[in-house]
Structure formats: C-alpha cells, structure tokens
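Both of the next two complexes hold chain A, though its partner changes from chain B to chain C.
After this line comes the complex of A and B, so read on.
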C-alpha cells in the first residue's frame, strides 16, 4: 500500500502538468479565438483572409503533426521550445481555431436591431462591439467554449509523445514499473473525468451568472 | 423664414428590383412635427432609416442642419461621406424603433447613460443625473435599476425614448413606436411624445398608423405611396378633405380596420 501511495504521487504530479497545460492552453486558445473570430467579421479583407487562413490551417491539420512541428521542426528555424511551451502553443493554436468559429457565430447571432441601436446612438464600431455586441455574444459562446475546453483537456495527452510528464505519460510510467495495468489506467480515467466535470460545472456557473436578469425571471 | 433643418432632394433607393424611394424630395422646418403615413412598403420607414444612416442611398442628396448628410464638401467638390463625417452628423439625430432595441444585458440606467458617456465623454455622475431627469420625464424614475426584460412593452419604449433623448439630438425620428405594443399600453407612450412636443422645440418625424394621434400631434402630414409623397398638408386637410384618390382609399381602409381618425 505504501508503494501505491508513491505511484499515486507520480500520477498526481502528472495531473498537475495536465492542469497546467489545460489552463495555459485555454488562455492562448481564448486569445486566438477572439483575435481570429473577430478578424473573420472585420471590414478589412486582409484581416479576414489572415483569420480564415489560420482557422482553416489549424482545423485542417492534425494536432499530433502540429505538436511535432512546434517541438521538432521549429528548432530548425532557430526557435527551440521546452516541451511545455510546445504543448501550450500547439494546443492553444489548435483549439483556438475551433473556438474562433464559435466567436464568429456568436457575434453574428446578435440581432441586427442591436447593431442598429448602436448606430442610432452613434457608438463607434468598436464601442458597439465592446459594450453591446460582445457581452451578449459571450453568453452564446459559453456552452461551446465549455466543449472546447474539455476537448483541450483531453488533447493534452498528446504531449506525452514529446516526453512531457503529463497524466497519461505518468500512467504509462507507473504501468511499466509496477506491471499493473488496471490501477494506473483507472486512476487517470477518474482524474480526466473529474477535471472535465470541474470545467462543465465552472462554465455552467458562469453561464448562470451572466444570464442573470436577461429573461426577467432570475434577478 | 428660417432655413429648413432637413432637405431631402431626389433620393432614390432600391432593395433589389424593388424601388422603395423614387426620387423623393421633402423639407422639414426646425421644430416642425411631421407625421408620415401611408401603406406598408410606401417608403416612409425607409426615409427615416436613411436619415439615421441605417441604409445607404442610391442617389440624391440630403441636407441636415445646413450640412450634407451623405456627402462631404472638400474644395468645392462633393465626396461620399466617411465614417467620421457620418458620426458627426448622427449627433444631430436620434431614433426610436418599433421594437425598442434596448440593450437586454444592461439595466435601464445603463441603457440611457451608455451613449452619452462613450460618445460625448460625459462623466458617469453627470450622465446618471441627466438620465434620472429623463426617466422622471417618461415616468420611470423608479425603474432605473430594472432590467429591460422586467418591463412592459410600453415601459421599454419609454426607456428607449429617454435613451435617445440623452444625446440631446435636434431631430427625433419615431418609427412606428406603438405598433408592437398591446393596445392598453399605447397611450402611455403617446403621452410621453405629447409632453415632448409641448416642452421642447425638437424637430420630430414620426411614422405611424395611429391616425388619431397623427391628427392631434402633427403640424403637417405627408401621405406616402410607392416611394413618393402623394399628398401633404395640415392634418385637417389630409384626414378630413383628402384630395388625392389614393389618400382617400388608404384612409377608408384604415377607418374600416377600426382606427379612429
């Protein structure tokens, strides 16, 4: 049993790396999502083209390949990243591309009358976006953002391929050292699931808080 | 004779193959209260939306308060207006919509103060003080902290009026502001507009199907049909003694539908 607690310690260390990757990856994904999502509805062709290229490229190629490029190929261009940096970069850019389409869709889902009210009140394009359109669009984005975050959490396991000691990596280590398959794999299953539940719960709480007052019932 | 505050000159506008405005010209004097009536699709709402720069024009010119709305004068030449010019011109004009278009995520107070704070740099304290005066004027001072979803249609529309007034425009456009309201809520909105007309010298243009209100409220009534003004005159002339056959048949239909004239 004492032996097991040691191995569990390894797995929990892996869980910390996974959480770290998920948080940092999500921050990058969020930034990319808003940059590219708003870029897609820009007035300027060049910005729209850049955003579209980014989205199509990162949605169209596999996250494995993107990770390998970030870790193995970029050094040839003079950019050497630690495994963690490469992981965050690949995960953030990949999930950000999906989330960018969520941002675009949510912005377009806000009714034309809201844009017209902005014009009639003489708000500038950016002022209207910042104070009127985005706050309403955010509520539409949230549930899908929750999906994206969970996808990102699960995708973090690919970093074990570039020798980053995340949850999946540690489970393999424990398995090879103990010869037990069930215990390590059962623990990582439970931990991934628990982490995903925390994300779902967090998003739902955020959603409830933001929807307050909008339907005239909950205040 | 003062100069007109709005001069619409030969405006044309099409949606696809449908010609909504067909060389429309009209003038509005400062302080004048104008009612625009006519069948749907006649262009009366479109000219309001054009004045608010919500639609582009296909041809013609509009002068507001002595300046071109859709054009800029540069070295004696007329160029298409850029966003900065439009923003400056919009300061002169406010609009109230049929469906209120309040910001659902902001409370009544924030709906009213947002634009003055952002577009005119008014400090929050001053903006809220002015907003309270306006909300008091429309009878909703006690609803300042309410969310739009908690209000009735009539209350929403009164907030929308206060919100437009907060920018102190010279011209107010009312686009069928009571059409979406339950019948018993119409009067509270009309009362606010009567008060506004009595207490300010704002120029007001309203598109309406409330013929009784148009009769009492307007200095002049314009009857629109197929993108043109078919007949115009004092309310009594238009409603009691319409000269044009199309005006007569329109009013007959309206009366048959149960509207008071």
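After this line comes the complex of A and C, so read on.
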C-alpha cells in the first residue's frame, strides 16, 4: 500500500507539470489569438496576410509534428529549447491559431449598428474596438475558449514524447517500474478528466460573472 | 546544417511507406468513427434512461481525456486481460473511439435538425421504429452533416502521428527512425510537416466544395 502511495505521488508530480504547461500554454495561446484574430480583420493587407499565414500554417499540421519540429529541428538553426520551452511554444502557437478564428468570428458577430454607433460617437477605430466591440465580443468567445483550453490540456500529453515529465510520462514510468498497466493509465485518465471538468466549470462561472449587468442586452 | 536534396530523395521511399500506413489508419479510423458516432448518438436518444445516461458520460469522458493516453490504455492494458491487438488495430480503435465521440455530436445536431413534422408523418404512414430511422430520418439528417463529419476526419488525419507512440510504422515513425539512423532531423521532420500542411490546405478546398454541395439546408 505504501508503494502505491509513492507511485501516486509520482503521478501527482506529473499532474503539476501538466497544469503548469496548460496555464503557460493558455497565456501564450490567448495572446496569439488576439494578435492574429484582430490581425485578420485589419485594414492593412500585409497584416491580414501575415495573420492568415500563421493560422493556416499552425492549423494545417498537428501539434505533434510542430512539437517535434521545434524540439529537434530548431537546434540545428541555432535555437536550442528546453522541452518545457518547446512544449509551451508549440502548444501556445497551435491552440492560438484555432482560438484566433474564434476571436475573428466573435468580432464579426457584433452587429453593424454597434460599429455605426462608434462612428457616431466619434470613437477612433482602436477606441471603438477597446470600449464597444471587444467587451461584447468577449462574451461570445468565452465558451469556445473553454473548449480550446480543454483541447490544449489534452494536447499537453504529447510533450511526454519529448521527455518532459508530465502526467502521461509519469504513467509510463509507473508502468515500466511496476508492470501494472491499469492503475497508472486509469488514474491518469481520471485526473485529465477532472482537470477538464474544472476548466469547463471555471469558464461557466466566468461567463456568468461577465454576463452580469448585461441582462436585456444582446448576448 | 544545410538542406540536402540528395538525402531527401534517399529517404523518400521510406517516407512513402509511412504515408501508406497513415492513409490506411485514417480511412479505417474514419469508418469506425462514423459507425461509433452514430451508435453513441442513437444510444443517447434511447428510451432507456440508464443506457442514455451512461453512454453520455462515457462519451464525455473520452472527449475530456487525451487521445495519446487512450492509445496507451488500449495498447498496454487490454493485453493484460487477454486481448492482444496488433499496433495498427489498436491505433484504429483508439482513433475511431475518440473521434466517434465527436462525430456523435454532429449526428445529434443533424438528427435534431430534422423537423418534427417528419416524425409525425412517419407515424401517420404507420412506419415502425426501424423504418422511420432508415427511410425517413437518416436520409434527411446525413447530407447536411457531411461537411462537419469531413472536418473531423481531417482532424483525425492530422492526429495520426500519435500512433507512432504505440509503434505503428506510420509517416512520423518512419521519419523518426530515418532521423535517428542518420542523425539528420531537418529533412525528415520538415517533409512530414510539409506533407500534412499540403494535404490540409487541399482539404480546405474539398471542405468548401462539400459545404457548397451538401451544406445547404433545403426547407
């Protein structure tokens, strides 16, 4: 029994790494999503083209290929990344590309009259975006961002393949040390699911708080 | 290190071997996902509350946990209870099951979109349960779903590199073994990335066409 608790400790350590990766990846993804999502609705062709290229490139290949590329090929270009850096970079850029489309869609979903109201109030493009469009668009983005965050959480399992000691990696360690298969993999699956439930609960709470005071206004 | 075209031609036959397995896994996985998804969608509409609930939770669990861990689970745990699967079969089952839970949502939306009047008309024509499904509901529900289903199949295609983790010799695994043999990562990894990128850019065109062909809902 003491043995099991030791192995459970190992798995919980892995859970911490997974959580850390998810948080850091989400922050990067959020930044990229807003940069690229707003870039896609930019007035300037160059910015639109750059944003589209970024999005198509990262959505066109899987996170796994991107991670291996970042970890194995970039060192030859003189850029050596630790597994954690490569993981956060690949996860953030990949999920950021998906979330950028969400940002774009939400911005476009805000009604024409809101844009006209901005013009009528003599707000500049940036002011209108900041004070009128984004606060409304944010609420539309939120549920899909929650799904993206769960996708990111699930994608973190891939970093175990570049020897980062996350949940999946620790499950493999326990398997090879004990020869037991059901215990490590089932407990890891349950932990992932619990984390996913926490994310969706958190997003729902956030959504309710942000919708407060908007009653009666279009959501 | 420089890009070497001679090396590219040298490794091409090996990579093409991998491409064949990648495509095979995608096709088989898609067929399985289409069937599993329909099964889950129908089970969730079952009259029997217990069946509907437990299938719903099972699908939710699969969707909230990483495909990689599920593949490990199938590959390592099942042999312990006497089910020995070849890697490719384990991989196809993993892909089919995981994406089946996604396609189930597509089926659900498609079935819900069939107007109530059609159900009532089927009843009025004295059709039994099975005939209602096969002759009335599914023929109307499936065409509008095709673009969304294709979208998931393309997503699945991009996830096939994960099968390399359970020793399936698909494209990514071949690229890795080539890279490890010659200790040249740039060409194999970049070629894998380029291959997936090209296919998914082509699939964007295919998706547009499918949406044009089937996406319209005729009322």
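The working rule: the second predicted complex is superposed on the first by the 215 of 219 C-alpha atoms of A that agree within 3 Å, B and C clash if a C-alpha of one lies under 4 Å from a C-alpha of the other, contacts with A are read in each partner's own complex, and residues count from 1 in each chain.
We adopt the following convention: a residue touches a chain if its C-beta (ideal position, glycine included) is under 8 Å from a C-beta of that chain, and two chains touch if they have at least 3 such contacts.
This is a predicted model, so every value here is computed, not measured.
For the composite obtained by overlaying on chain A, chain B and chain C can both be accommodated side by side without a clash.
In the superposed model, more residues of chain A are touched by C than by the other of chain B and chain C. In the superposition on chain A, contact of A:57 is made with chain C only, not with chain B. Of the two partner chains placed by the overlay, neither chain B nor chain C lies in contact with A:78. When both complexes are overlaid on chain A, the residue A:121 reaches chain B alone and has no touch with chain C. After the superposition on chain A, the angle chain B-chain A-chain C between C-alpha centres rounds to 110°, nearest 10. Once both structures are fitted on chain A, no C-alpha atom of chain B lies closer than 25 Å to one of chain C. Only residues 113-114, 116-117, 119-125, 127, 131-132, 135-136, 139, 213-217, 219 of chain A touch chain B when the two sit together in their complex. Here chain C touches chain A in the complex through residues 1, 61, 64-70, 72-73, 76-77, 80, 158-159, 161-162, 165, 172, 176, 179, 185-186, 189-190, 192-193, 196-197, 200-201, 204, going by the rule given at the top. Residues of chain A that touch chain C in their complex: 56-57, 59-62, 64-66, 68-69, 72-73, 76, 150, 153-158, 160-161, 167-168, 171-172, 175, 181-182, 185-186, 188-189, 192-193, 196-197.
Across the complex, chain A is touched by residues 52-54, 83, 87, 90-91, 94-95, 97, 99, 101-105, 107, 114-115, 118-119, 147, 149-150, 163-164, 167 of chain B.
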